[in-house]
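Supplied in structure tokens, the structure appears directly below.
Chain IDs A, B, C, D, E and F follow the sequence of writing; residue 1 opens each chain.
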């Protein structure tokens, strides 16, 4: 089976950058896969991406050696299994708030005896090799998002679930959950404390941790805090910001207030 | 944030008509959005419409000031949240039978602190404006369908859920639930009594009520009964009926027995 | 090979009605195919339909015994041949203005020795049968639209092209070509004269003739004038008109000025 | 309503073959529907098929008299009901492990009074006829997959659910559940015993049974064991195997180790 | 008919910026339409965009007041007319090298009596209004690309074609045609002379001129040279450049050599 | 620029096999790309494949080192250039009958100074590398199909066109052109003589030659005749034949008469 390069990099102490795709296009996915990310996540939760487009985007990413991951829209067994069958080498699952919820992800994401994932890796066995079935449990990454009050409170319980590989922080939801406005790259001490603790506890449990960021400077701080990987903006945000900046430069004024999420 | 025109119209005592789309095409959606409906609902439950097509249909409707709504296929958090992120200004949720089920809809459909909707309004913030996150809880409509025995029995419980904006009646399912055949524009006293009661109780709770109808005459009766809005047939039904009538007129005979739902 | 029912009906003196599809959806195509048309034309010229959608619409029509036809976007060999390979039993070609142009249609639409159509009926042989290649020249209809000044002037030349099965009138373009505004169901004597002459000359050449109409009454007049088939509005026009009428009836006013083509 | 030919065939003691489609294309679906299967199942679980493509594939299958069935991705009410509305004449539901889970399938798959399926057979009523609503409960097949430990243990409980028509075996998952590697056409006595028992108990309950196989020889054995129908490979597997064999024959060597699932 | 805002702006002496879309997605199109361009061109020539996607992208752009334009893949009547029917308010036609070729564009792009455009503005009449047919010849922009040797040599002949509204420069092809390498924002005196001359001759003929640029600085120079509008990069190029810059900033090194066109 | 492996293999005297895809699916394309072909041709002429699907299929093929080629639907500049921009490393052009037609292919397929291909390799530069523009003329294969009477008669004229890399035989059309029925793997002396001559003349001109075959045995004969590459059936034909054989084996009878092309 094709190895999951992320596991090796992280075990070797490397810090990686993860692309984040919400534009539903295999062309823009292929374009992004050529920019040098170690991994790219197709976002089926908040991205404008459904299953059919996700598969085409995974194919596009697979023209490079960028590791393909997917954020599933929800902790629902049908889509978790279909996403894995499509060849995702990592699953990021939103809003995991308890040990039970993390356990569900693992049960649906691992073949017996660890879980009850149904067998039928129709595209995964093309991408990974015909021995996918024997090695998938060891290679595919299962990551739970810590972004709710429950997730923060039950952090150690979640991290202790065997078969879960790590956690990922969605700062906007985490901020809302803690009573702040939605946003990224937070500086509030309470939020920073939680973020720091998540990275530390993950490492204490021998697990991986990642976080979404909106600037290279903040991303680097997160690497320094111990996160194994950072996501840096999204394709849609990069496109909107850069376009607004170009138009402002052309027109000689300040960048317009940005539209969009 | 762009206001939800339906709320203002209804509060001003206006009665509105809602279009209903089951044909999976952004072109026919745009065509319908030009016909003068105050709102149009893309039907992901019984319509031949999935998420990707729904997004394109919302874009087509957004070329006009018709308020875009979506009936979700089921009370499932993944699709409820994705639909809202896509810019739906109203969600109609099928088969809500209890306070708990209505509460689920609200929890998934509202940002904290009222609910736990995850933050990422990728297209909604384009359609609504960049302040969508701050005002969405107040603008977006959450409507529960009353069409099961449980829904009828627990009507007041459902209507008392804070954050639920109103109810919508699916007469075919309601009829089946009450032991009648499937159908619309019902005249049976028992069914009419339930319909009347739903409109009255909704108003008593300060909430909105709508119902699906199959003729202008019945629709007007429903307005008179107190419903804030009516849906009038569906795109597919309008097309089939009108085509059958034209062919019958051309051929000089009676309209053929209609095919289809 | 599955027979082309239109040929038999017309030879038996039957008058037929042809549906006309511009909405890009295999679902609405299937719905329309159940309404009782003898044939349905998927409009790739002015409809919002490209090749991929056209194929799906032909499949949908093929669930019934309605004869599937296609109006190609232009007299271009690539799309003419791909449309035939997809299983169209009739091709309507816009704006044929001369014998040479009609000859091109026939050359691309017929296998050797009559023409040079390339062999590869990938879906046609599923729909028609594995002997499609031997009988297609005799079954498939090739119809040239007469709607330009040249088409009117060279009518007999065009009709005398061997292998061309008939002509079809697009009244809007014909009206523009004759110096009138665009429109259908024309009553101007000059236009009616041309229309009448086209039907007569087609019969004189032993060929078929059809025309697009916008009302059952006009359609019947065209049957009486000798046309073998009439098209009656389009799916989009039927849907828009019927919707506007319903909304006007509900609101108690006159139908709004219709939007759209 | 169009009859469900499978029911009649099985009641007459006929053994049938079921095609299995994982390639997301209405063209290949139509091609397969012309090969002589009594039924074809579109696989939304492990196939690369989502709802929109499934509908188009059902349309393609409906150009023939092959009975259209669908394996749903999971026991989730939204997709079960949408699949039935799309015209599936049979639903195969993965991983049914208990009487409660089988009951859920029946509740979502049957109209009242047996279940609570919501009414809106938008395409089903085109395919089946306008009386679909009255006869669907009697015609549509609901089949539960027995492929987990729970499914084997609770076999009689599951088979005793009224409204469930039968069971279907997924040998790969069943093998994993029993502690073996994933695979088909199993010869292990323990697995064969379970397979045999499933066929016997289904018949004892007056229900239908089917199983997935990977070779004609094994398929025939399963017929002889009492299974009413067998699936024979999948479109993707047939294509990959046959291609590998052709290339090996051309190059004069042995067939390459097959890639893919 | 909805006015073509570009004509008014240019006649008022305003300089405008034109977006350029090659990513095949109505979502990214809508995102770009919110950034403040006066017009946006969907590129069907070098963009990864076909007709069906172009229509959806036009719909997305039409949710704003950005003027929608399309570069057609070639001077072919079928696609020119379908693009106009879809609601494009401007057509940019590649590689116009002679008066005859410019005349073809006008003949296909204008209704009689100026041209022979076929009547059927199926979406255009939704976007523009039901009087589209009467005013389209006066509102829709037809622009010929000057980017071949012939185009440069026959510049005045092309500009003198009545009904052609202006010209657009593709610097990469123009550079290749003049014997240089492909590229944008050229400083070579020979190329600059040709560019300057094209702007001047366009104005001398009372026509509009635009040019593609890759930087705000060069774009402003082109405005100063007399061009009415500039295009500034493409969505794909903006996305790739900005992503490469972010990754370089994060990793502390120089931006990688850019991949892609 | 990524090298075109086919050129090297052929120059080294290797014989290659070319896959042929008519099923419109990036999944089946990826499946086929894993079977060991040296090249795969996506068939936009007789396959059920349009531009958008072709791009996705090229992406799928690009996950392997199989060389991606495309048969264009016709010798039309728009689609020839879009196909090359999409990253095709070879173009097979149908029905080239004269030197002038071959010259057109080269003019549209080569950048200046050899031709006038327009610059904008939007996906090609991702697949091939950012120096694609400088090397594409030397790497991309342009192949003309010899399958008409004119093509046979003007064979040497066609082969002498500089910039054309070789020829490809479509035996079905060639047979029709020579007065025989459509079919493959021909044994008629006249046809075999023409086939042999084409291979010989190609080599005499220092060009490549390929041919479509329907069996490994015939394919090997063609290698022995001097053809550099053979295509062996199509995905659709392999799937239909293998399925029919499996069903016949299961049912104990002979394979049914095959349906389809």
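Simple rule for what comes next: a contact is a pair of C-beta atoms (placed from the backbone, for glycine too) under 8 Å apart; a residue touches a chain by one contact, two chains touch by 3 or more.
All values reported here derive from a predicted model rather than from experimental measurement.
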Neighbouring chains common to chain D and chain E, by label: A, B, C, F
Steps needed, at minimum, to go from chain B to chain E via contacts: 1
A-E or C-E - the one linked by more C-beta pairs in contact: A-E
Chain copies touching (chain C, chain F) - same or different residues, decided at half shared: different
Chain B and chain C: spacing of chain centres that average the CA atoms, whole Å: 38
Whole-Å gap between the CA centroids of chain B and chain F: 52
Contacts with 2+ other chains: residues of chain A: 22, 24, 27, 31, 34, 48, 50, 52, 55, 76, 79, 122-123, 126, 236, 259-260
Each pair of chains that touches, named by its two labels: A-B, A-D, A-E, A-F, B-C, B-D, B-E, C-D, C-E, C-F, D-F, E-F
Complex contacts: residues of chain D adjacent to chain C: 26-27, 30-31, 34, 55-56, 59-60, 62-63, 122-123, 126-127
Of chain C, residues touching chain F in the complex: 50-52, 55, 76-79, 81-82, 85-86, 111-113, 116, 118-126, 129-130, 132-134
Touching residues (chain side chain E, partner chain A) in the complex: 17, 19, 22-25, 27-28, 31-32, 34-37, 48, 216, 219-220, 230, 232-233, 235-236, 238-244, 246-247, 249-251, 256, 259-260
In the complex with chain E, residue positions of chain C that touch it: 22, 24, 45-48, 50, 52-53, 72-74, 76, 79, 94-95, 147-148, 170, 172-173, 176-177, 179, 181-182, 236, 257-261
